[in-house]
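Letters A, B, C and D name the chains as they come in the text, with residue numbers starting at 1 for each one.
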Amino acid sequence: MLITTRRHFIAAGAAALSHAMIARVASAQTPPASAGPVDPALIDDLVAANRILVDQGVVDGYGHVSVRHPGDPQRYLMSRSIAPELVTAADIMEYDLDSTAVDPRGRTSYLERFIHGEIYRVRPDVKAIVHNHSPSVIPFGVSTVPLKPIYHMSAFLGGGVPVFDIKAAAGGPTDMLVRTPALGRALATTLGARPVALMRGHGCVVVAPAIQMTVFRSVYTEMNARLQAQAMALGPVTYLDDEEARLAGASVGGTVVRPWELWRKKALAR
Amino acid sequence: MLITTRRHFIAAGAAALSHAMIARVASAQTPPASAGPVDPALIDDLVAANRILVDQGVVDGYGHVSVRHPGDPQRYLMSRSIAPELVTAADIMEYDLDSTAVDPRGRTSYLERFIHGEIYRVRPDVKAIVHNHSPSVIPFGVSTVPLKPIYHMSAFLGGGVPVFDIKAAAGGPTDMLVRTPALGRALATTLGARPVALMRGHGCVVVAPAIQMTVFRSVYTEMNARLQAQAMALGPVTYLDDEEARLAGASVGGTVVRPWELWRKKALAR
Amino acid sequence: MLITTRRHFIAAGAAALSHAMIARVASAQTPPASAGPVDPALIDDLVAANRILVDQGVVDGYGHVSVRHPGDPQRYLMSRSIAPELVTAADIMEYDLDSTAVDPRGRTSYLERFIHGEIYRVRPDVKAIVHNHSPSVIPFGVSTVPLKPIYHMSAFLGGGVPVFDIKAAAGGPTDMLVRTPALGRALATTLGARPVALMRGHGCVVVAPAIQMTVFRSVYTEMNARLQAQAMALGPVTYLDDEEARLAGASVGGTVVRPWELWRKKALAR
Amino acid sequence: MLITTRRHFIAAGAAALSHAMIARVASAQTPPASAGPVDPALIDDLVAANRILVDQGVVDGYGHVSVRHPGDPQRYLMSRSIAPELVTAADIMEYDLDSTAVDPRGRTSYLERFIHGEIYRVRPDVKAIVHNHSPSVIPFGVSTVPLKPIYHMSAFLGGGVPVFDIKAAAGGPTDMLVRTPALGRALATTLGARPVALMRGHGCVVVAPAIQMTVFRSVYTEMNARLQAQAMALGPVTYLDDEEARLAGASVGGTVVRPWELWRKKALAR
């Protein structure tokens, strides 16, 4: 029956199907092995990240954040399917890159976990990923106006912010959810080497080489969208030029620990 | 004198008058019988719903939420006339579909309770109703711009969002309040089979097959209005197409428990 | 010297000078007599009003609210010059309609107390007055767009909202403050019989026959301004018509106790 | 090697180089002497200022505020490089006007401290400086629309608000940070005798003769930007004229203690 399902999917013409997916279907039979325990401080950072994203208005009752397993690049860590504000260390689950849970114990997984697995698969530089419905970002995902860096805090947007249209990726209307490896892979392709991709009619995905920076970028992507819309209403806007974006991105990237310490302290104090 | 009042009303040309209304006037003489006690957990949900709508910025000192009596579809439950944030289990009253209180004991009822009774009467699928003055929704009720689903979270808007104009329904200027069964019936007619209707110069009404979903839809109707206005300011907007709205509505509808658990926990912790 | 000052003022051509003002100057020599103690519940209401206006975003560190003395229409009560959020019962002072403090005891008075005294003088129906810099209202005071009732909650705006231009009233540039009886009188003239007047480059003044309603109107003037601006950005707006505004104003006016009970409880709990 | 560095810098064509900078380079060898302890109440004011700017939405995890040393105009006080919300008295460091720390003890300094030193150097009237990324101000820094005083609370903007373009100052793309004395000097030149200068793609700088007023001006610069954008969306705007701005600036300036007392009390109560 699994084979039938797979054949049907192929018949539907999904271009992204691959050997990796076949492997995934097979691996669903046996839970993958754990890559072993991780430093509790990293789990605390992941819990903090969930709460910080709430505090900063980037996620509400939906959205998720993951971190790559420090001991095995083929594994990542993410909460079971609950609202980010409720996440505690006990809710963190381990997944392989097919987004199969190592030890589900009856816990529900986020439907869209394939966003995480498929990006980790093709972006070895990425160590943490946020998927959200960041409010100010939504309008940019449904318009033809590109998101551009309005100030140094969002200089990381300088390489361009692509929009993932799931209808084009799936070849027709869907429920808008990245609920298959093929869709996750298509999103990863749209993202390319960049830090942020918008998702039309849905939200966005944000990646970085560290969880602190992924959270930082999520916060300032929301802020950039809000401020860019306000600036465009005033008239023509001068964005950071490419070189400014590159230089400022590097400089500001080195200061991420400053807000992170504040945010983490407040998030874990609750 | 009741008859005189009724005749005067008929003379004024209200088209919606019917046998049902005559029955209502008669029934006002004797309080209707109670359909019996309900599970305290449902009352808690109703209390939580009131507070959640405050927490989410959907209601302020005004607005009301009701739930259909699980033991009798001819009855519904709603708070006495107080601000939603102050509602406790002791404030919940039972009404019949004429919106007559079963056991008033001197408690004041919301003037606009007929919104609830008349919708429950014609919409057997509806189990909970919210009436609010949700801020971002107000501008759409007084403009010619239709509210449309901008993302999957508000996919339930896909079937269209009608605007109820009380002046047309009443045949002339009113105090804008749905303070009679006839006006409640006219609003129910405008709503039709849909989940949301805007009310020009007033607010909106939101319905669903469960209280959790009615609250969810209220929250994301507000959010959609806010984000749609922002998106329109950027330029042309790509909304969910009909099939996307249908599919996403079904999928997201299945996840409502996720934010509900968060919202309820916080609402009842106070 | 007082006479000289007065003559200089007359020479400057202030049209609003009158016998009342001459009386005021004279009365400044001797503090006016108190109209006697008032019900502590009214003082509590006045303290609550200050805090509610902060909670609702109508005032920040500035703004003031007064209530007419229930025992003597020639007196009013208002806090000494401190931020509204800090006001306690001990800060409430009594003024006559010249805005002279009955018992100053070294306490500083708001520079713009003449707004209150001069409106109470010509509006016997008014029992409470708020002056604020309500944020969403400011843009309407500096534009040519009239504030109009967008929904039933702000139906009281239906009689029109005039804009007071202090430059025209004073015959030239000022420091924008209503710091003299003459300017207070000019503002009262602009207000006329209405509940709200905007003040160009400054804020607004809101009046009503009871303190609960003055607070209510202040809150929903702010809300109307915010929602009207949003609605106008969408396109043409249908406002309440005159009769709707009149009817809704009367109906909603009867429900003011509902939010007031909520607001007062929260304000005094701190 | 220091000389080489300096020569290289000169060769790069920085027009702002001067004897003062040469002195700074030399003084970097030996930490400058302290101007001695200051009244703890001033330190408390500086700590309060950091927190107030957070409470008022003017700074987030970034931004800094300094105060000139009351005992020596050649020294200023500012926190070590941490988020403003976390600043306590123990974090306050002393700097000379070259922005060299008197007693670093391994503590990190803000990269952009030269904003402070270079403005204090050329503006003897300035006793406190805020640098922030105040959200509503950012759009004005990247547009061609000048910030103008919309009401009396922001009358201090009446002399005009220049925009500092770091690309023009540096002669090409930078990382947007004022990380050298030369760039600090160029910013000070753009500021001139005014209280506020915007920084393109970055934020703004606000100065005043007292820390209370610098905080006040920061808060109402943010508010003016927000309200001006709203007013411009309505249509043509009437700003304060030059004389109104001058008169209102003087009058309102005398009332700064009113919000300050409120803000300080709340900030230090945490």
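The criterion applied here is as follows: a residue touches a chain if its C-beta (ideal position, glycine included) is under 8 Å from a C-beta of that chain, and two chains touch if they have at least 3 such contacts.
As the structure is a computational prediction, the values presented were derived from the model and not from experiment.
Comparing mean CA positions across the assembly, the chain most remote from chain B is D. Two copies of one chain, chain A and chain D, touch each other, and the residues they use overlap weakly: the shared fraction of interface numbers falls below half.
Between chain A and chain D the centroid-to-centroid distance comes to 36 Å (mean Cα coordinates, whole Å).
Centroids built from CA atoms put chain C at 51 Å from chain A. Of all residues in chain C, those touching 2 or more other chains are 233, listed in ascending order.
According to the touch criterion at the top of this document, the contacting chain pairs are A-B, A-D, B-C, C-D.
Taken together, the chain D residues at the contact with chain A in this complex read 60-62, 81-83, 85-86, 111, 133, 135-136, 138-145, 167, 172-177, 200-203, 229, 232-233. Those residues of chain D that touch chain C in the complex are listed here as 149-153, 155, 223, 226-227, 230-231, 233-241, 243-244, 247-248, 250-252, 255, 258-263, 265.
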